[in-house]
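There are structures below to look over.
After this come two complexes, each holding chain A, first together with chain B and then together with chain C.
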Partner chain A sequence: MGCGMGKSEPLLKKCHQAISAALLIQRWYRQHVARLEMRRRCTWNIFQSIEYAGEQDQIKLYNFFGFLMDHFTPASSERNLISHIFRKNEICRDTEWERYFCYKSIEVTKIYTGPHLTFPMMFCGVSKLVEAFKHKEQLHARYVLQLLGETWRLLRTFPNISHVIACHTKQITICGDLHGHLEDLLLIFYKNGLPSSDKPYVFNGDFVDRGKNSLEILLILFGFLLVYPNDVHLNRGNHEDHIVNLRYGFTKEVLGKYRVHGKKILKLLQMIFSWLPLATVIDNKVLIVHGGISDTTDLDKIACVDRQKYASALRPPKMKVHGCMTKMNENREREACGQWKAGVDSAPDHWHDLPRRSLNNTPVCSKLDLSVDEKLNRRCRLSGFDQARCELKNSDSYLESKTTETDLDEWKQIVDMLWSDPMPQNGCIPNEVRGGGCYWGPDVTEEVLRRNNLQLLIRSHECKQDGYEFCHNRRVITIFSASNYYEVGSNRGAFIRMGPDLVPHFIQYQASTTCRELTLRQSVGWTERSALQALRKQLFVHRSDLISAFQEFDPNNKGMISVTHWASTTERVLNLGLPWRVLRPQLVSSTQHGMMDYQQWIKELSITEPKLEISDNNILDTMYKNHSNLETIFRIIDTDHSGLISFKEFHQTWELLRSHLKTEISAKAIADLAQSIDFNKDGSIDINEFLEAFRLVDISAHN
Partner chain B sequence: MAESKQSAEATVSDVQKKIRAAFEAFDYESNNTVDVREIGTIIYSLGCFPSQADLHDLIAEVEEDQTGYIHLDSFLPVMSKDLLLQAFEVLDKEKRGYLEPEELTKYMTQEGEIFTQEEMDEMLTALADHEKNVVYYKDLINQLTIDPDM
Partner chain C sequence: MAPKKKEEPKPAAAPAAPQPPEPERPKTPVFDPATVTLEFTPEQIEDFKDSFQLFDTTPTNEMKITYAQCGDLIRALGQNPTNTEIMNVLGKPKAEDMHTKMLDFDQFLPMHQHICKAKDCGTYEDFVEGLRVFDKEGNGTVMGAELRHVLATLGEKMREDEVDQLMQNQEDANGCINYEAFVKYIMAS
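Entry: the complex of A and B
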């Protein structure tokens, strides 16, 4: 279709036309890019919110276990089920450990085609290892144990804080989270060169979990550490923690790759993780730590802690606080009601500043009963951190109360370093989104840097679209090295190169050849679809709660609810801090005059039902909502890591979960469930089959 | 050149205004809808002379579910799409259906609200067909419609 134009046009008109045409095209394109960017940020938020909600979940579960440990009688069978995860590293003599981890009896037979290692480790050995992993070979269990043993011995000689002096001739390379993404590590080595005494590296934690090659990454990093102990520096991350590993895939990976020796390998790694240094300082000026800081961060204190006491940063040492834990459970319920959350209604003006977490973006508006300050205070109290300290100080019924308080202090220092995140506002408040550590503000950065005579803080812990990000007046850098973290095309990875002038230079990359060819538009669309899928699953999982909440606004049972109510209610139930009104067009197919049919909407989420016939909806719902929790509990209970648990253990798992969640599930329902999933009728349940049967499948993905 | 640019800018927003004005003239109930039978008249009044087939296609695209009415919100983007197509056709003098990267670059970086080199590179990466290395603008316009709601 075209407008009629005369063939012979005056020159001026032709110019005029060309300019108008160019202008129109430019405007169109720029608008398109802006919309893409907005969508990308929105997608980002979705992934991040779900990720952090999962972490929060994990910590709640772990706190619940702690509660059990402290409050159940010693004879209780539930307690016995989980007590082994709390057993402190027994004060064994080194010789005993040596015997336990002895690799000498493990024979390397002729059928093994992987790399052979000799010790002491040399450069050619570790580069052989890198090549082998590049070709997807697996290292023999004997060599794994040997390498890990050597690493453990070495790490014990390191201080809590590594000090590095920048040298005239060398640049130091700093990498962030890798999370099992071997392809990213290989890409870094390709772009930057392998570690050596001329090429020092700092790896800032979170080497494991989520990705498929966590173990290979560890072995490579430890290999280089053994060869160049003065030039390779590893910082502990919050995922270098066996409890976290239970949930996020590392435990599963190791047990899957090493069926016979996996358990030993995991135990040895547990000890190695606790021996990893907590921070690195360059030239006494640049602090590198995985999570961040808090207003109480004291490097001198940290230098003195007995770091190996903290096998898992999630649990404080020997904390026996009476009232505290119950309060925490109460608070959890209050959280579930979301009383402190105002319905965050994102108006379009906020698009450039989408709420990453509702905490940072709660608008002060007339709808709120409390002022922002009051709400923040309430959150502090609800977190239980201050509570714990109060209770502790007030009680005098233990002999070791003094030691316990120092322990608590130390523990807080470590948790803050591994779990905290920066925030734009001043101050320092508990990090409730993750469940551990703090949110710290630019004033805290200035103060801590000043107090410790530092000029820059480099941390990781948060995924960034471009692989890195400055904040707090460029005094804090977040560096993240796992590209495509949420989804193919979701983000780039980056690393820092720094010379003696201590000026950071950033190199960015994105692994995987396919995504480089994707156009901007395609990769945003892809990631977006993936995020929406994840979000739809979350919505489905909470459908009963959602429907009951919607019904509060539908007293006449018409099945309709206004879009405004839909948005505020969904936020209240899901607690993800997402801009639901902005997302509505992609989640709700049709509205009429600002109203929507919510029953129909839930149906349209297009998630398939499980393959099993379960009539009890309560169990179903609980299953979906607590998929990860269940898996974690299973893996804890399955002490011999066989992948099978007995009916009795299965029942106990549900008992545990039931008490944690305070839901009503009849014993009969659980027994029926057990029967129906014992597929081969041998009286035991295969964990993987069970979880697979309940994995939610988004059928719309097949369209 | 500056005056041309100013007047060109005016032309672009002028056109949008013209479309709205033409629409309003036939919007008897002041609810931003017009009877589908009036669409032909509206379009002719804007100085465009589509064939009957083209007109038919346009109506099929914008009519609200056989109601016999067309809403401004559906009409505007389609007309805008059409204008955009014309804009590309002005640059594609031989009407080949595509633009070479160099041609597009010349216009984008020299006329109108000039693109930076970075923007230009990004645009070509995003829009150019990877194999043939040309910009098939017709398909792109259809795929990347401007949604007035967003």
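Entry: the complex of A and C
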């Protein structure tokens, strides 16, 4: 090191100084990195909480519908409005489906400039497709239906679990969530090569939603599947689910791109999703599933389920014994799927201490002055709870024939596989944050791997900063392939290459050229700005609730509140589990002696409202808050996928939502609202226009 | 080979090993949290709690962090101790314990307090003085390569990727760094 014994004083002093300087720089550097990490974590938390709160919201909504379905008479119009989303895959003969999905009558005219496909699909066909999508062309509906039809036929021949043997000459590539990010898929193909019999691939679910090219990704993946059925393996993810797609953008994407045939395409995709295999196993040693496992995961059971029964994993099958639901069976059902019943039970106390997001477990039937609830209550009071269920059972085809405990067990196996997340502690607890599946610990990993003679679990489902992450003593890998998932620069994507030695090698990437040049500090800053914008919007939509909550701590109406109260109240209202005190310097411009002006603060959020002639702030706030819920409900109601709903349907939707949310909005107010948003004045409401009208704009973005 | 505890600074001493003398020579007895009086205000403690929670990755929100995270948290809260100081307040744990042993908020507070009370965190001038040592030509710049070497070999060594990250976009076309600007950059976290 250049310093030793017996050297002269000045040299030693210099040495001393050098070390001193080095230590100083190192200390500061480590502090700098720690603070950056803190900011990054904060930002991540914001995005993730908002994301998961949305997921939870969706499940609550869906449960609410389920509850309605259970308690309304078949004749009620509300029930009819939503009953079709619960109808299982109709048991039609294949020939009937073939007729329905027939593409032959769809003509490809001369004005079509996109790619032409011939079947059976060959490699040149798929690569032509990839090139076309690279150049932002759109595939003709005829070819889409043809391709999807072939895919559907092929998938029905696959088992629930794909088994792959790692040959001594081949490396297998494993990709995680893509979420409609076509640029990431193209980047993977660029870095790694296209799928082929020499280049097998596993795609681990969540191909769709959020990104704008979900359909293109599906078509490419299915195309390769058709050409190399033994070398391309697709696992189902929790987003391969038509109910989830209603909320997260895939349904909207398809209907937007295919106005005439979109509905058929969606229906065919719904069936394809239910036929996607649930897991892939390499060499009987490596298990690949989208979400994860639980303490009850049993691969033998999974291998035997009738997977296509589960079009959507969101709703458990109903359990019946002796043709009538007894109280006892209900309780058993509740136990088995406790984590899904958000509305009917109150959760055990400790669940409310969970970080970040606790389910809002208020009973559905609490208010009596809303018409939907009135009907429900009248029903229950008049007929008695059990009897109502018996009547429903006898009269309606919706309720399927006797489902058993086996069905519930099966369903749980599937949900756990698609929705679970790992946790650092031992054990297995319900995944309250997402609303489905569980959190499983390292002991469960060891046990499940040992029981099934496996050595490694590869899963996806969670976004990771570096595209991948090990946990559970390196026995579990999370692989995530959508870079810039939350925002440009938020994270890298990655994929795994694995040879016959089954040792994983990771390749990381980031799809945008701009962000590659950013320093870590710059990219943290960029993502942070975006997260804060999203958070400000959330704060804005809750402003009335926030102000009334703040006023509880400001009895003399001075307009000031302490920082401590601000933090605890904001958390109580928004329920996002965020570190408000840490975020305060970036959300609140000034405080004096630990106090802040909350009215001023709300104003400073600088979010503009759309210019609608609606004076009722209550309605406006409800609209903003429930933007995604509204979109989901509208798309459910819009059965012919025309993008329009009638006034009557709008009114009924509102009644449903009002009951779910327990807000007080008069019938007149709704009627006025309907009038004002009938932009075309033709007696019907355009869903997209409506949603656009209530989209918030963050004006600080333009500063 | 070198003694674990150095009782007094011995600048030109001839101990058995030719160890370069460490500039920071606090007495390092075993850290005893009971001897620390907490002087934080309730407001500060609430702030710390929030940050603590940010580092808590237990899904059941047990308000616990690993030993390995303790240093990061203290730094994120505005202090800049050396790794040695961190290990000291942690009770000099074994390497394998760093990721498995956990501490809760009440255990964390005295550690944090101790670090806060410790002497100098280095001023801008200290920094610049320190870097001037490497300014061979006395013109306000240091060679990037030399600085990298120093950071990776002296003191509490940094890894290559850490050095890369620190020096990203700091060197000019000749590989030189204007160190006053560099210090401002580092301190402007």
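Everything that follows uses one rule, which is that the second predicted complex is superposed on the first by the 584 of 703 C-alpha atoms of A that agree within 3 Å, B and C clash if a C-alpha of one lies under 4 Å from a C-alpha of the other, contacts with A are read in each partner's own complex, and residues count from 1 in each chain.
Note that contacts are C-beta pairs under 8 Å (C-beta built on N, C-alpha and C of every residue); 3 or more make two chains touch, one makes a residue touch a chain.
This is a predicted model, so every value here is computed, not measured.
In the superposition on chain A, A:Arg581 makes contact with chain C only, while chain B stays out of contact range. In the superposed model, A:Val563 lies in contact with chain C only, and not with chain B.
In the superposition on chain A, A:Ala18 makes contact with both chain B and chain C.
Once the two complexes are overlaid on the shared chain, A:Glu37 sits against chain C while remaining clear of chain B. Of the two partner chains, chain C is the only one that A:Tyr439 touches; chain B does not reach it. When the two complexes are overlaid on their common chain A, residue A:Arg27 makes contact with chain B and with chain C alike. The larger set of touched chain A residues comes from C, when the choice is between chain B and chain C. Shared-chain residue A:Gly594: touches chain C; no touch with chain B.
When the shared chain is aligned, chain C comes close enough to touch A:Ile429, but chain B does not.
In the superposition on chain A, chain A positions 1, 3-4, 12, 15-29, 31-33, 35, 519-520 are in contact with chain B in one complex as well as with chain C in the other. Across the complex, chain C meets chain A through its residues 11-12, 14, 18, 20-24, 43, 46-47, 49-51, 53-61, 71-76, 78-83, 121-122, 126-127, 129-131, 133-134, 150-151, 153-158, 162, 165-166, 168-169, 186-187, 189. Within the complex, the chain B residues that touch chain A are 4-5, 7-9, 11-12, 46-51, 54-55, 57-58, 82-91, 107-108, 111-113, 115, 122-123, 125-127, 130, 143-144, 146, 149-150. For chain A in complex with chain C, the residues that touch the partner chain are 1, 3-5, 9, 12, 14-38, 41-42, 45, 353-356, 423-425, 429, 433, 439, 519-520, 563-564, 567, 579-582, 594. By the touch criterion given at the top, residues 1-4, 12, 15-29, 31-33, 35, 517, 519-521, 585 of chain A touch chain B in their complex.
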